[in-house]
Each structure stands twice: as structure tokens, then as C-alpha cells.
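Per-chain residue numbering starts at 1, and chain names A, B, C and D are given in the order in which the chains are listed.
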Amino acid sequence: MKKLRLGMIGGGPGSFIGAIHRIAARMDNHYDLVCGAFSSSAEKSIQTGNELGLNTDRIYPSYEKLITAEKSLPEEKRVQVISIVTPNHLHFEPAKMALENGFHVILDKPITLSLAEALLLKDIQERTGKFLCLTHTYTGYPMVKEARQQILDGKLGEIRKVYVEYPQGWLSTAVENKQADWRTDPSKSGIAGAMGDIGTHAFNLAEYVSGLSVQKLCADINTVVANRRLDDDGAVLLKFENEVSGVLMATQIAAGEENNVKIRVYGEKGGLEWQQADANTLTLKWLDEPAQTYRTGGSYLSSFAQHNTRTPSGHPEGYLEAFANIYKNFAEHILAIQNQSEPKKESLDYPGITEGIRGMAFIETVIASGKSTQKWLDLKKS
Amino acid sequence: MKKLRLGMIGGGPGSFIGAIHRIAARMDNHYDLVCGAFSSSAEKSIQTGNELGLNTDRIYPSYEKLITAEKSLPEEKRVQVISIVTPNHLHFEPAKMALENGFHVILDKPITLSLAEALLLKDIQERTGKFLCLTHTYTGYPMVKEARQQILDGKLGEIRKVYVEYPQGWLSTAVENKQADWRTDPSKSGIAGAMGDIGTHAFNLAEYVSGLSVQKLCADINTVVANRRLDDDGAVLLKFENEVSGVLMATQIAAGEENNVKIRVYGEKGGLEWQQADANTLTLKWLDEPAQTYRTGGSYLSSFAQHNTRTPSGHPEGYLEAFANIYKNFAEHILAIQNQSEPKKESLDYPGITEGIRGMAFIETVIASGKSTQKWLDLKKS
Amino acid sequence: MKKLRLGMIGGGPGSFIGAIHRIAARMDNHYDLVCGAFSSSAEKSIQTGNELGLNTDRIYPSYEKLITAEKSLPEEKRVQVISIVTPNHLHFEPAKMALENGFHVILDKPITLSLAEALLLKDIQERTGKFLCLTHTYTGYPMVKEARQQILDGKLGEIRKVYVEYPQGWLSTAVENKQADWRTDPSKSGIAGAMGDIGTHAFNLAEYVSGLSVQKLCADINTVVANRRLDDDGAVLLKFENEVSGVLMATQIAAGEENNVKIRVYGEKGGLEWQQADANTLTLKWLDEPAQTYRTGGSYLSSFAQHNTRTPSGHPEGYLEAFANIYKNFAEHILAIQNQSEPKKESLDYPGITEGIRGMAFIETVIASGKSTQKWLDLKKS
Amino acid sequence: MKKLRLGMIGGGPGSFIGAIHRIAARMDNHYDLVCGAFSSSAEKSIQTGNELGLNTDRIYPSYEKLITAEKSLPEEKRVQVISIVTPNHLHFEPAKMALENGFHVILDKPITLSLAEALLLKDIQERTGKFLCLTHTYTGYPMVKEARQQILDGKLGEIRKVYVEYPQGWLSTAVENKQADWRTDPSKSGIAGAMGDIGTHAFNLAEYVSGLSVQKLCADINTVVANRRLDDDGAVLLKFENEVSGVLMATQIAAGEENNVKIRVYGEKGGLEWQQADANTLTLKWLDEPAQTYRTGGSYLSSFAQHNTRTPSGHPEGYLEAFANIYKNFAEHILAIQNQSEPKKESLDYPGITEGIRGMAFIETVIASGKSTQKWLDLKKS
């Protein structure tokens, strides 16, 4: 099996998400981490690079150096995929430069600081023909994929209602740490706090699972903790296509909550429910029939669920496996293209630029709605 | 122990809620059912009265007859409390007549057809000095009472967020039966369908548990099933006093859902969660401490929870017991007054006219908001 | 509807189970409590009788007086069913006297102090032709009845394995109260403590649900708390007919446990699981198919489950309702016989003398096994 | 960071556990897989080695070749740790040869085919001074480690009761596949089927969490599926030191069950419960206090739980992470020794030869007990 050579921008000392990306990349043995610019501090970059056992000459002090230097390496040695795990304000430029220099890109969400940047990035991506993957982790869970397939297959009948929620409690107080600092700083996070950090995940999950696009929304956006500069709480009424309605709740001040993203979708014939706290279970509920419990690893599952599962049923797979599924499918896509073979449809099922743009449109619309006295705002063109 | 003589208006053949009220009345042996006008059909009224073993001369063909005839009986024989379990359009007149003729009243929710009627009823009640009890069942659960006490005691700190939801699926199709018919008929149900039937329960639960009043709201109200004449689905953004925000979701088209009313409240220090499907559990969640599971019957519970519990912990109490708690507390209140003793504070903890008026204000505001392009509407004066 | 005239022996001040029996009797309006001998203290008997609103002349100072006096009343006034809710050592004599004087009997479990007494009681019951009902509460739950029907209908295929457990924690310390005192006193409780009090429930549940009889067993019986005179903990390997094996665990020293009786049964094609803590759910598990969640009130349930349910799905029914189902079915049986009509098969589904004898055989065998060095002991002839 | 060079014996095409070991080894970046003898078929070994991207000259056709060839390589290139993932009958010889040639060993459980082999292996291990790690996965879960710490810290008081269970359903029928075949073949699996495959896990978990040693047992061992050559079901009464009693249930014929290993331990003051299906939760139950829910990632957890966690609370970690914790701690131990530094106590917390010997003593005693008419058998000397 061929492996892809991976580089990383960001993910230095104290980064939570950088470590997650690296585990995800290692999980299925599709990537070799060969280089990195882990921090804007050269020293810290070297520290992390050393800890990861990289060759010293491929630990870079900046993303520009990384891209330039790698570009000059022989093709068989040069990095192939660059993973960008920096705060939001450092997404667009490195992604642009990476794509334009011939590298595939993995980006943490939200894709950019603004919708305008996201739309630009799409042009660049299309022009360069390189691939871009966006780590909306929750779509990586096998039972989320199963949920989507059940709905696509029409099992629930026409969809009528979508509830999605993402409660966290870790910003209930004026936390000061590396994770909290940039997320509550508009210059690094953009115009949205909670709505950007976790609201976009909830939004993406709702569109992915239901197969429907949000068309307009009405938002209540709050900053609950004193002196915080961005929203830390919000609830949104949604209107999808086909007059389907929905509710999105995302908060970071639900004291005592961990990270329990949850989705429920109801159609004419039945409903379904999934939540991360019980990630290996998908509940299907039926009119006048007993509910059913679908479980990761079940022999009765769709090819999409099975493709994204590593163990037999009863061996719980979690967040890291879901994250790794995104890396895995992206690698399978790239490798298939390299081999001039047809990628499996299951491999193509990962979030990318389209989902990134939808997320930015959501952020800009939801924040505008929070400030508006008008009830419904159309989702920004995306 | 003295028992109260109970009469019933409504609750004839095929009535679900009439049977529930009678079980609730029997549970704690505080009432003797002595008379009834169970149906507008004299024949059906007699049928039900006979089944219940009533004396034939106290089975009446109409509520007017019941009230007039009972009024003429000697005081020691005459009915004392009249339970009205008819559809909404038949609440106000019988309640008014009962109060004005000297009887205490138990009413099913919503209290009347309109806010105006509810406000009138308050005047009547205050003038007559008789008591009125409204069966908002969910506040009868011991763990709901515990939730309220925890918040009143400040355990969660200042409240910040309230989520309440009430999903049902039984109106997912164009059901035709006695239960569905009147609930979807504006002449019997009033201006609201789901919002009146279950939205008011959710609204009452949110105000009761949080101890906070809703001040304005923004609603998305839908009629999902074709040709239905009233709403069957809705979601509402709420603003309580003290800038506390909330979300209320109530639907009767969530196919596969039963009746799982659920509330979550978050404060500065922690949060709590209760749902009817696991009615004997109250979860308390804390910042940086393990969550706690409070259970009906626990020795550590408040006097309000203990007062409303009949069995030791581990013996599940359910919907009928919650319903019976409302009957029980109402009886204890009346009996204490009869005995010229001070009622226990726990006995006074049942819903009444104030909650009824709040519910009607909610209904009228939420339906107006559903039709409005204005984002926030103030709750109607109540 | 005719009601049965009910009398009670035991159930005076401080009795937990007496109050439960009375709620159960009231729930469905099939009984009128007309007399009682609530305590061996005449004073306490009068106190309880007064609280219950009985006529003074039908409050008796002893069970003998009750039976004799009621016998002498005119038939249309005389008590018809006598409920005996005393500690175990006061089961046999009152039951015998009641049956021999023409009264139907409801008895708390275990049926008697010894297997010999239970066998005698069977003779008496058969000779007198009166009916006897034993309150093995857990078989009264609708979902337990559904479990039994699923197995009887062959849905699981041939049964292979039965696990039943009954963990409590309330005797973890040397508790001193009315409930604990007699249960740990061999002169009142008999040769078994936990095995008699809750082990018999677990045993009854296992035989009822599986439809299989235990043939031999091997027990580990312990007295964990110092100075306790009877067992407070035990685990038992079971062999049913057809070489089906099982495990029964019952303990009263599982600190922190409430009362969570649970059963799991596995057959060739699938398994099922029910536990009291989630009493309205029955889980059916299948080979290579999603598990199913059956819920009280579901339209798809057997007539046995539906017959024993009072509310639509989603309105939790609990312990008191399960208890009341036993009273209800017993009443329906007696009333059908009185009316010379055929009782419904669902009404006949309540525990009686046969289950009582099985329980006593279990107690005597399990205690003997606990003391034996022989591995397997045959269940005593019953 | 230095990485360890890893080799693998077994784990060729179709091996479930080989793939799991490799993911576990990759997860934390402590190992580089450098060589393997993946199958007794040279062709298959090459196939797997190629898929894994190994250098062809380090893909071997037999474990003997692997050990001999690697031994001859320069020390800085030579494999350091050999992971043996073959069926049970191929554990002892490769492990012996690996240890004697200077390699550390990771072994799948049960450690050997017989207790005698296990005791021999211990001598060899002690003589060579190399380390041995046994992959009893379930002890790798952070919440299992927390459970052990809570008990060691005396939070539950003196332990009184241990329940452990391991229900599976996948051998409910006469399955024929690579996984089932060797597990039901005495020449490959040894004298035990289910008791060796999963009973040893349950036994290990019970001793690990409780901190107590089993001293004697009484077993009911069954072969339920016709023509199966080894046990597929069993239940065991346990006696630990200090007169603590317990029950172990392990079955592979519980149709519909996945893999839900579960443990409950009760002491004087409280109890605890953990199950793999909800692996990130540890429930602590208390006398007269609300139960507590400890969660992976909680800031209040012991250093042992925290050391074995990769993500913040609310990001579920699963089976692969638990497995990886064993690899991680073993690596940290070896690397500390290589660096002549003191290993952290948390790194030393992995199963090894002692646990392996206990497991073999359990297997031999439990199978003997299954055939015995004597009630209690002492655990074989270990």
C-alpha cells in the first residue's frame, strides 16, 4: 500500500486539535508525517517536530517556508498533503498557498474567517485541481453515515423536522487558556464564537444527515459571560427546502455539559436519533412499530457505515475513529486518483469546500440574524 | 380521615383523560366520587355513571343539572369538588357555574378557550373564594419538584438557559379518533392545536422549574399534516426575566415519539435535566465535578419531593402518581382549610388559576408570533 | 360494575406493604375496603381503620375476630376477599381460616413459613374452592407479560439461558426499623432472609418469563453484615428443564442499589431484557438484526400487555400499577365466576398457590444448598 | 521522542486481532512496525507485509526466521519488541524464543495453552530480564483504571461483592469462519472455549478492579451448540480473599448480545459499575447519597485515568484507545528503562506475566469445576 506524505501547519505545543489530527492520520496507516511548521515560533516548531521524530531539515519556522522548501524537493520525497490546524484567521492564506503550489489540503473548520474568503478558496481549489478536505468530525461517525443513508433511501418518508443541538459547558466561566483564548478573540476566530466553533458543526450535521439545505433562519444569539467578546450561546429556528423546519441549539455555557452533539430527524414514517455520547447507536423510531437500535458493526448496515468501521460490533469506536475516517476517505480518494482507478463512492463521502462555504454562510447569516429585528433572514448566497 | 365528595363533568365513554382523573382521585383515598355529568348524551352519562357504581339519582344529563341538583342537596351530602374534564370549549362555563354555586373546581388544561375567559375566571374565583386546581400533570412528578427546589435554593447559581421540549408522534398522520378530533377542531380546542395541547405543558414546566417568567418570544408555528386546521408543530425562542434565554419545542408530528416531555436548565454553577421517560431520575450536572443522579425516594431529597412520593426508592412511580399528586395536594389544601388548620407548604404546591392564565397568554402570543414577521413579541399581559 | 368487598389483615401503622396493597386495590375501582384487623394491637388497628374511614364496628383487634364476625354478617354485606399483608409467620393461619370460612384470599409473598405449610394450604384451597392470589408484583408489569408471551410464542426459539438478578442495598448496614426487623428475624421471616424476601421474586420472575421450571440448583448463600441472623446475599446456579441453565443473584448488601430487579433470557434466535428501573421498556435482541424496543402502550403488543395497561404509550406506569394489575386480574376472575361467565385468559394470569409452593421449594432448597458441599441439589418436591 | 521498533508474529490476512494490535501500536507514535512473520504461509505473510509497506527483506515466512534474522541485524536496526497475535497454541514457543533472544514481548491472551507453559514462561522472562505485556484490553479503559483507584483508595470501604459478566452472541449458531474455527478447536484454543476467550478477560477485570484474588470457585460450564467441541457458556461462583464473594458470567451464545463486558463491585459504603457499551462512564453509587457519574476526561479523575486519556471530556474514547493504552504504557516502561529513568507508576500499570498465570489458573480450575460434583475447587496454584 502506498502512503501519502503529510505535512502539518500548526499543532505545536499545547494544541489540542493538532494532536488529534496526527492520531487520525496515523490510525489507518495511510499517511507518513514528513514535515511541519508547527508554530509561528521557530523554537516551538522545532520542539514539536523533534518530539514527533521528524528530520530536522523538514521542521520549518513558518508555513511559507514549509511550502516553498517542500516544493523544491524531488517529487518522490516532497510532501503531498498539508494539514492546516491553526486558528481560523490562519486558514485561508496557508490553504491558498498550499493549493497553488500543488498540494492537497486538509483544513480544520470553519474553513476561513469569512464567506468571501471561502468563496475565493473555492475558485483556487477548482483552478488548481487539488483536493480539499474539511474536518467536520461528526460526519465521520459510522452511525451518522447510516442515518444519512436511511434518509436518502427514503426509509423515513418525506422529512418534516430536524432538531440538532450541541451543548458544551466549558466556557461557563471566563476561562483563560490556549483553547479558549483564540476562540473568543474576534481577530482570530472571526465574527462568531460558539456559532463558529460548534454551531457550524451542528449546521453541517443537520444538512448532511437530512440531505436538505437550510434556506432561511431566525437566531437568538447571546453573550452570557461578562466581558466576552463573542457569542457563547445561541438558538436558531431553521427553514430547510421543502418547507421542512428545524431547530439548532449550540451553547458553550451549559454548565456541566461536555460535548454531546445530537441530532433527531423526523419524517412521515418514522424518526431517527443519534448523539455523540452514545456514538455507536442509531435509534430508528417508527409509527406503530417498535423502535430499532442500529449499532456500529451490525451486519445489516449500509456500505457507508461498514466502510467507516474498524472493529466488530460491541467494540466501541469513538471520536478519534470518526476523525480518522475523514483522513482515511480523503487518502483513499487521492490514492485512487493517483492510481488512475475509480474511487469508491464511500471514499468520496468526506466534507470539503462546499460544506466549508455552507458553514461560512451560516456563520454570517446567523450573526446577522442575532442582531436583526426581522424574523427570518435568507441564508447568504453560497 | 375526612374525604372530599367529588363530582365529574365529562369523562364519558371513550374519554382518556376522564379515566385518568378518576384513578388520580382514588389513588390516595382523599375523594369519593359521588356524582357526574359524564356526557352531553344522557344515555352515555348514565352508562358511565353505572359502570362507576354511582347512585342513579346522581348521574346527570348535563353539567347545569349537576350543579343545580347538587346545590339543593343537604350540605353533608352535596358534592364538594367538581372535576371538569371536557374539551377546552367546555371549560369556562361549567367552571364559572361551579365556583359561583360554591364548589371547588379541578380543571384540565388549558384552562379556557381564550385569555379573556381565563382572566374572567380569575375574577370569579377570587370573588367566590373557592379553590381552583389545574392539572398540569408534569409538575406533579417528585423529581420535577426537586428540580424546582434545587434552583430555588440557588444550587445552580444564577439561571442562564432553559430548554424544554415535548415531542409526540401520534398526529403524524390524519388520525381520526375521539382524542384527535376535538384537539384539531378550532371550535373545541381554540386557536391552538399542539401549542395548546402540549405547548402549554412545556411552557408551564419551564416557568415552574426555572422559577422565571417568560417575557417575550419568537415562534415558528407549523401545520405539517395536510388539511389539518390547527398547528401540529412548533418551536419557540424564549426570553425570560433577567435576560435568561430559552427554547421550547413542541410537536405532534415527530413520528415514533411517544410523550417524552423533557427539561434542561443551566445556571452559573451547574445544570439539571429531567425527562418523563425516566421520570424517577433527576440529573444534576456540575462544572468540574461528577454529575449526580437524584432518584425518587432518596433520603436526601427536599420535603417537596418526599411529600409527593408513595414508595421507597427503586419502586418506579409514573404518570398516574404524578397526576394523583395534584389531586392529593388540592385535597390537603381544602381539608386543611375545612379543619381551620394551616396547610402544609407542600400541599399548596399545585397549579391553579395563575398558571392557567400564563398558559393562555402563551397560547395567544405564540400563535400571533407564528403569523408575525416581527421577531420578538411580548407575552400578552396576564 | 359490581365491586368486591375487601378486608385486610395486617397493614397497620408503619407498614409499607399494607399501604401499597390498599392503593393497588383502589386503582381500578374493583374493591371496597370494608373491614380490617390491621394490627395485633387493638389500639393500632383502630387507628389505621379510622384513618381509612372504616365503620368502627368493622375494625377488629385480631384476624380471628375479623373472620368470625364477618362470617356472621349477611352475605350481601360480608367481606368477600381478605388481603393478608402480615410478616411471613402470620400467613398460614389467617389464610387457612379465611379460606375455610368461605373467603377468597390475597397473600403477600412468600406464601408461608415453610414448604410444608404451603402444601397444606394448597389442600385447603382446593377443598374449599375459594381462590388465592399471591402478590409477586413483578409479574404484574405489562412488559414482563409481553416478555413471557414473546417466549411462549417461540419468537426467541428454544430457550438456552436465563439470568435474573435482584440487587438491593438497604441492608448494607445493621438497619433497625420495622421493615428490617422482621425480615432478619427467623421466627418471623422463616429460614431465609434475602432469599425469601427478594430471591423468591427473582425465582418467580425467571420461571414466569421463561416458562420453564427450575429442577436443581447450586447456591452460595452469605450473611455479610455482622450479627445478622439470616442471609443477606446470595447467588445461585440454576438448571431448568430442557438443560437450560441460569443464574440468579439476589442481595440486600449491594450498597447504593435501590430495587432493580432485572431479567434476561436468551434463545436460539434472540434474547430479551427487562429491568424495573426502566419498567416500560422491553428490549428484544436478535441475531444479525437491530434490537427492538417494545414499550408499554404500543399498539403492537400482545393482549396480555395491553390488558394490564391504563394509559397510552409514553405515560410511564410503575410499581403501583404493576401491583394493581394483580388485584385487578384477581377481581376480574372472581367477578366472572360470580357472574357465571368465562373469565378472560388475561384475567387468569396472576400468581397463586402454585407459584407460592414453587417459592417455598426454592427457599428450602437454596438454603440447604448454601450449607451443602454437594454441588447440585434437586429442587424440593413441590 | 525515541520510538520502539516493533515486529509482529501472526496477524495475516483475515486476522481481526492483528489489525487491532497494529492500530494500537500506531495510535501514540511509540512504535515503528519494522518486520513481521504474519502467517505460516510465506505467501500470505508477504501479502500482509507488503500491504503494510514493510521492506521485503523483513517479511519472514516463520517466527523462527524472524527471530533469527532480526537477531543478526545491527542493534540500532534490529526489532526491539515482538507482538505475538497468533491463536493460543502458538503463544508459548514464539514468546519463549523471543525472550531468550533478547526481545520484549507483547502477547495476546490467554497467555499460553496451559498453566504449566505459563509458569515456564515466567521463569524464562525472569531469567532473561526482558519485559512481557499481555493484552487484557479492558484494563486499558480510563474508567476501569478509575474504578480500581477508587477501590484502592478505600472509597467504597471494605469490598463485599463482585459481579462480572461478559455476554456475547456471535457463537449462537455453528459459525464457520476464521475467528470461530480456532476458538472452538481444542488443539488451537486449549481446554477452554468461552472461558478461555472471554472468561479470562472477565476474571482479569474482576481481580484488577477489586484488587482482590480469587481463591476458590464453583462453575457451571456448558456447551450449548450441538457438536461444538469446547464450552460456549458458563457461570461461576467466586470466593475471593477476605470472604468476598462474586459471580462471573461469560457466554458466547447470548443471541443478540455484542460484547458488553460489565463489572459491578460493592463495598460497605458504596458500589461502582462500569460496562464497555458505555465505556466513558463510571457510576459510583452511595448509601443515602445520590449516585455520581464519573466521565473520561473529567478534571476530578485520578492520575491513572488521566494518563490513559487523549481527548477532553465528551469526546468518546473506545476499544482501540483502550487497547492502545496497553501498548503505550508498555512502551513508556521500556523507554524509561532504556533512558535509565524511573518509569511513571501509571506507565507500569499494564497486564503481564502475573495476570497471564492467573488467567491460566482460572481456565484450568473452572473447566475442572465444570466437570466436578464437588462444590468448591481451590484455584490452581499460580
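Basically, a contact is a pair of C-beta atoms (placed from the backbone, for glycine too) under 8 Å apart; a residue touches a chain by one contact, two chains touch by 3 or more.
Which chain is which protein? Per UniProt: A, B, C, D = Gfo/Idh/MocA family oxidoreductase.
Treat the numbers as computed from the prediction; the structure is a model and nothing was measured.
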Shared interface partners, meaning chains that touch chain C and chain D: A, B
Selected pair, greater C-beta contact count between B-C and B-D: B-C
Reference chain C; chain at largest CA-centroid distance: A
Interface sides of chain A and chain D: same vs different residues, half threshold: same
Interchain centroid distance [CA atoms averaged], chain B/chain D, Å: 55
Averaged-CA centre spacing for the pair chain C and chain B, given as whole angstrom: 34
Overlap residues in chain C, where contacts from two or more other chains coincide: 257, 284, 291, 295
Complex contacts: residues of chain A adjacent to chain B: 156-157, 160-161, 163, 169, 172-173, 218, 220, 222, 224, 233, 235, 237, 239, 245, 247, 249, 251, 253-257, 264, 266-271, 284-287, 291, 372-376
Chain B residues touching chain C - in the complex, by the definition given at the top: 1, 3, 16, 19-20, 22-23, 26-29, 50-53, 168, 170, 257-260, 276-280, 295, 297, 310-321
Residues of chain D defined as touching chain B within the complex: 283-284, 288-295, 298-300
